[in-house]
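One structure coming up, written as structure tokens, with questions to follow.
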Amino acid sequence: MPSPAARWKDARAASWDRLPSAARPLAWLILSLVVLFIPFFDDVWMRMFFLVALYVTLGIGLNVVVGLAGLLDLGFVAFFALGAYLVAIFDSPVSPAVNGTVNYWVLLPAAVGVGALFGVLLGLPVLPLRGDYLAIVTLGFGEIVRILLLNMDNITRGSSGLYELEKPAVAGYRVDAVSEFYVMIVIAAFVAWFATARLRDSRVGRAWEAIREDEDVAAAMGINTVKYKLMAFATGASIGALGGAINAPFIDFVAPQSFTLQVSINVLALVIIGGMGSTQGVIAGALILVGVPEVLQFEETANLLEKLGWLRDGMNTAIDGLNGLSPMNLAKLPPADEWGEKLALYRFIVFGALLVAIMIVRPTGLFPSRRREMEFAQTSDAELPAGGTV
Amino acid sequence: MTPLFLASTEVWLDQLVNGLTTGSIYALIALGYTMVYGVLQLINFAHGEVFMLGSFAGYGTLVALGGNDLSGGMVAVALILAFLAAGGASLGTAVAVERVAYRPLRNAPRLAPLISAIGVSVLLSHLVDDGFLNGGAKFYPQIFPDGDIELGPLQVTYLQLFLMGSSLAMMGVLYWIVQQTKTGRAIRAVAESRDNAALMGVNVNRTIVVTFALGAVLAGFAGVLYGLFFSSIRGSMGFLPGVKAFTAAVLGGIGSIPGAVVGGYFLGLTETVGRELLNEIPGVNLPNQWKDVIAFALLVLVLIFRPTGIFGQKESKRA
Amino acid sequence: MASSTLRTAGLGMQFQGLTALADIDLAVPAGQIHGVIGPNGAGKTTLFNCVTGFYRPTTGELWLDDQRIDGLAPHQVSGLGVSRTFQNIRLFSTMTSIENVLVGYHLQAGGRTTAGRVRRPTGNRLRDGLGELATAPRSVAASLAEIAGSVFRTPSVRRAEAEAVARARELLATLGLAGRENVVARNLPYGDQRRLEIARALATSPGVLLLDEPTAGMNPQESLSMVGLIRRVRDELGTTIVLIEHQMRVVMGVCEYITVLDYGRKIAEGTAAEVQRDTRVIEAYLGTRAVSGGGHGAA
Amino acid sequence: MRVRGHRSRIYLAFVAIVAMAAVFAAACGGDDDDGGSTAGFSDAGYKTAGLDKARVVTIDSGAAIKIGISSALSGDVKGLGVPIADSAEVAGDGVTIKGFKIEWVREDDLCTPEGGPAAADRLIKAKIVAAVGPICSGGTRASLAAFDKEGITHISPSATSGDLTSPTRAEGPYVTFFRVPVLNADEAAAQAKFIRETLKLKKAFVVNDTDDYGKDLAASFQTSFKAQGGEIVGTPEGYEKKTTDFKAIITKIKAAKPDVVYLAGFYAEATPFLQQLRADPDTKALVFMGGDGVKNDELLTGAKDAAEGAYLALPGGQGSQFAAYKSKYAAKYKGDAETVTFGAEAYDAATAILKALEKVAVEKSGKLEIDLKKLNEEIKKSNFEGASGVIKFESNGNRAGAIVRFFQVKGGKYVELPAK
């Protein structure tokens, strides 16, 4: 058996500096692969990938709030909207409040900063509250922001929206294509992931986890809980605003209709379905909740389903058999080429059922962080192997 | 003489009645939220859909019995049957949802049942909207006798009276059940501590189901009242009243039954009388679409001053 | 290390008409091991909650050395050097042992921001609020610096972190938890959990350490080693220790001075021998249980 | 557990100030300046669409000519979107272009800004030559560039927002975008005129849904009504889609004592609104005027007696082809085309594309060649009598000549009022 010190050291290598430095080459590899594969997909697919990467970014942001600090936030869309509107107000030629445009690369960091600022402002009255009160108040904030955007016509143009935004330019080259925006959002996701991973493994992250575990005790250990909750809220908010600021010139139509509670719920759901606190989880969650409903509408899906005609015929034969055996009169399946269309139409029903099913089968999510899993483990006194990644 | 207020007496009284009617519905739904929260500490996000399905069951019953052609005594019979059908449908839905989506998650991390609840909510509302209604809305038969009672400047239609009166009666019955019956005692015991209740021989699972059922029946009744009064129903109709009712429950102090009722009326009045009050401030003229902002802003303010709601107990010491 | 005096004057705590503590005068000199005993519901834990800022006392004053601490928030009290353990162990159960201790090192690792005197709230909300607003910019700047430092892992952050880890390991070893650094707290045996809680409390470098029934649920042998540990902490670190205890053997063995509470009031104080002879103490205990019957606390 | 809270209470003052500032900013909210220029298509515009020169698409022999339909096929607006898509499709029934069949490709744009360009991309990927849609203004706005980039001409049957054809870009309006519906401003002007001259009423109360359509229509109506000597009483009240509780609005209407209440929104909300309006003895007999979003059979079946006497405007006439559209629609979808909002417009949009295709498609050794540039030019030159009247386009893609008809609900039916 190695000496305690040696074991500790090994564990350090694996867990303390666990993420960024150790995994950095790997992460870069993944990033470059992601970028390299772009030419192989058309705009329809790229749009889906953009959406997934956008939700990954938002999920990483919300993960700080919900997964690390344990604060249930149902109003995350407010920050997403804030980032989008900051860019749109200053970069849209139809913006009633601002004439002229501001360079996008000035607005992007500004959005992050303003996001953090509003995170603090919204968080201050809310964060002394606990649990479910926090949930409903954040939900209320999200709605307030949306209704304000809808009704403050002299700034936001209400439901008419802001559009024709100045596209971001890199050394004179205008970012315009779907794949170029995709690269932008992937970089943003990467930055968000890097920052939050570093934070999680620092003194700050420890304070967040302590607050999540037991707020009173954390305070008794000298942690200013309100301050750290605010920091979590602000970090999440700034990442949400970052996502919004990149999405704005991409969809090029910023209107309150896009910032409903449904967005908050989607982001929360993907964080939890993926497994709180884990980045793989966020990616998996985004692929399932955002990617799948999109893919269901693709012609490739329809084509694939069309090839399953034999399956339908087989099942229909079985249904015939059943109908012959019993007084039941089961309907036959529609032609296979309609399946894709049908699935696309009923995708929200599928989405709802999926949420329930995943939670029942894996209540900790698909890729729970190591720690979350342990929380759930049945072991009591058995010593778990040291270290490991979270 | 300059009037004290910009708005006339009629407007104030009218808004008062409007607030009380909306508030009645909020209160009925809020009771379900607060009771389930009391026993399970779960925000039953699907409660709005339980309300929605109750409303549709009532609609189906009324239409099956003749819809707009109903008249005379048949109206009363049809209404009673509609309430029964609605209560039954909501009860069935809630019990099924509890069994399928919540019970397997009783000991899961806190957020898992919440997401499951959101899933049920999305599933049910879209099942009705996309699966059956093709995105359209249904409209309740207008069978309630017309006419109104005038009390000085105050005008209340029969329907409004019926709505407010029957809600109060239902809340009264619920209060009696919770306070006076054995089932009620069991509910309160489980709310106090699930473990202790189990030790004292309370069937916890059964009590939880009963709690869901009680809340659901009220939501179903609220669904019929809603349909009769506001007429238009659709799959997504449960969402906003659901959120509002939850807000009401939190305002009143979640877990508290009187709190849910007071919270419901308070919220209803805030949206109507409250907006009128704000409009008395010179230079302010908030049209109708601001009412949700006012409602949620009020929630934030109340929670700042009373972090556990109006009737909420001081956070007890966690031991 | 630090050693502070703790003093209460006329301390009282009421909950909605219920008196939990009344008129408690207590003076714990630096470096003393002070016992607080009394039947269940006597107000012992309430006293701890008042001292650590969990409750704001309704009347009276609390002094740590020459700083008045009643009305301060728990993290401020902790920052001034009062730390505690809990009757029913409250570890960060999904974090590892060393991470628990590192949370205790929180303030040290980030530079002790609340050291020295802390402004007490005046009770005037407006003035307190404005006072807080005035410090807000500095607080925001500090938070930003902290986030930036953590994200970019600056040399100073790295150094502080490495130092904290080294000290945490040392502390764990001191408390006999060497080799258990990476065990998740909830998976530790019971006795280790108790010790880990003390380690975590010690990590905050307290001048006063409050132990709430440190031997609850332990067998005589374990209790004995806990007594040794408590004494060692005081002897080696000089920390003032206040402990709530039910096992009379422990109380008599380790406490140099004892305060007896009953129904929220102080009914006696003195050395172990003095207290044992006090008729009121015997009465209070005989009402509920025999003096020597100690038992295993109220779990 | 802890007794604290001064932190949050001082914050209250701050929140109050911010809130008041927000309310103030909103209360002083100015009007939209949706004026928009009337500039037509420019050469630069043709260049961005790649239609400054020939852009030929070849259809293999035996393959079908694909025409896209971007509509809301699921979600809340499905009730409007599916019949529109159906109406567009029936226009192609039995039509072949030089022996080539027509294949309709439907994509769901959800009526959202996100859904619009996504549907456009899917359509383009499916190799369509032209498209009907999108149906909503928001979705249309967001997908203008996506269609334009590929030189695909698309005709919206129902996007009525004024500024869609007057974007701020230097190149002027998108040359690939045309639309059939009468614009909100024209409809509102006709309604104002009808109230003032036919009904001879002076004081109007405005209620609108807060979406693009409702706001735009309500704003236009107020301008026109005032210009015609009318008076807007009270503050215009808004509601969000799916609202059912209109009691508070009705209270405000009673207080303002108007001659007529004007609603800019859709039937789903207008139905409960009318029912609640008629349930109140004070407003039982108040004159009601609604627009095209309200005129729907659902209103009659839903509101029943409450709908009696309501006045409704319907932009667009009934052209000679309406009967043909109606019978085809009934045959294929078992529905009554009269009840389909923007159905005739969708039929005409599809017809315009088909007519243009017939003219520009060239058969070459078994294959069919279609020049997108010529197709675009032919669509621009459209001039035929369709189901919704004569289809002609102005120089910016808007439909030329606005006809607005008026109906009144009498005995549970829409009765067209004679034009004056």
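Structure notes:
So that you can tell them apart, the chains are marked A, B, C and D in the order they are listed, and the count of residues begins at 1 in each.
FYI, contacts are C-beta pairs under 8 Å (C-beta built on N, C-alpha and C of every residue); 3 or more make two chains touch, one makes a residue touch a chain.
Predicted model, so just to flag it, every value in this text is computed and none were measured.
With centres taken as mean C-alpha coordinates, the chain found closest to the middle of all protein C-alpha atoms is A. Centroid distances built from C-alpha atoms place D farthest away from chain C. Separating the CA-averaged centres of chain B and chain D is a span of 36 Å.
Separating the centre of chain C from that of chain D, both taken as means of CA atoms, is a distance of 69 Å.
In whole angstrom, the spacing between the mean C-alpha positions of chain A and chain B is 32. For chain A, the set of residues that touch two or more other chains comprises 125, 128, 148, 150-151, 216, 345-346, 348, 372, 375. Contact of a single residue of chain B with at least two other chains is seen at positions 130, 289-290, 297, 300, 304, 307, 315, 318. Of all residues in chain D, those touching 2 or more other chains are 1-2, 4-5, 7-9, 11-12, 15, 26, 74-75, 210, 238, 240, listed in ascending order.
Remark: chain A residues 42-44, 47, 51, 93-94, 96, 121, 124-125, 128, 148, 150-155, 157-161, 163-164, 178, 216, 226, 251-253, 255, 257-258, 294, 297-299, 344-348 touch chain D in the complex. Contact residues of chain B toward chain A in the complex are 37, 41, 43, 100-101, 104-105, 108-109, 111-116, 118-124, 126-127, 130-131, 243, 246-247, 250, 254, 289-290, 292-293, 295-297, 299-300, 303-304, 307-309, 315, 318.
Across the complex, chain B meets chain D through its residues 7-8, 10-11, 14-15, 18, 21-22, 68, 129-130, 134-139, 142, 146, 148, 155, 157, 159, 226, 230-232, 234, 236-237, 240, 271-272, 275, 278, 283-291, 297, 300-301, 304-305, 307, 315-318. By the touch criterion given at the top, residues 66, 72, 125-126, 128-130, 132-133, 135-137, 139-141, 143-144, 147-148, 150-151, 216, 261, 265, 268-269, 272-273, 276, 345-346, 348-349, 351-356, 359-360, 363-364, 372, 375-376 of chain A touch chain B in their complex.
Note for the complex: chain D touches chain B at residues 1, 5, 8-9, 11-12, 15, 19, 23-24, 26-27, 74-82, 210, 235-240, 242, 244-245, 247-249, 251-252, 254-255, 268-269, 271-272, 275-276, 279-282, 298, 301-306.
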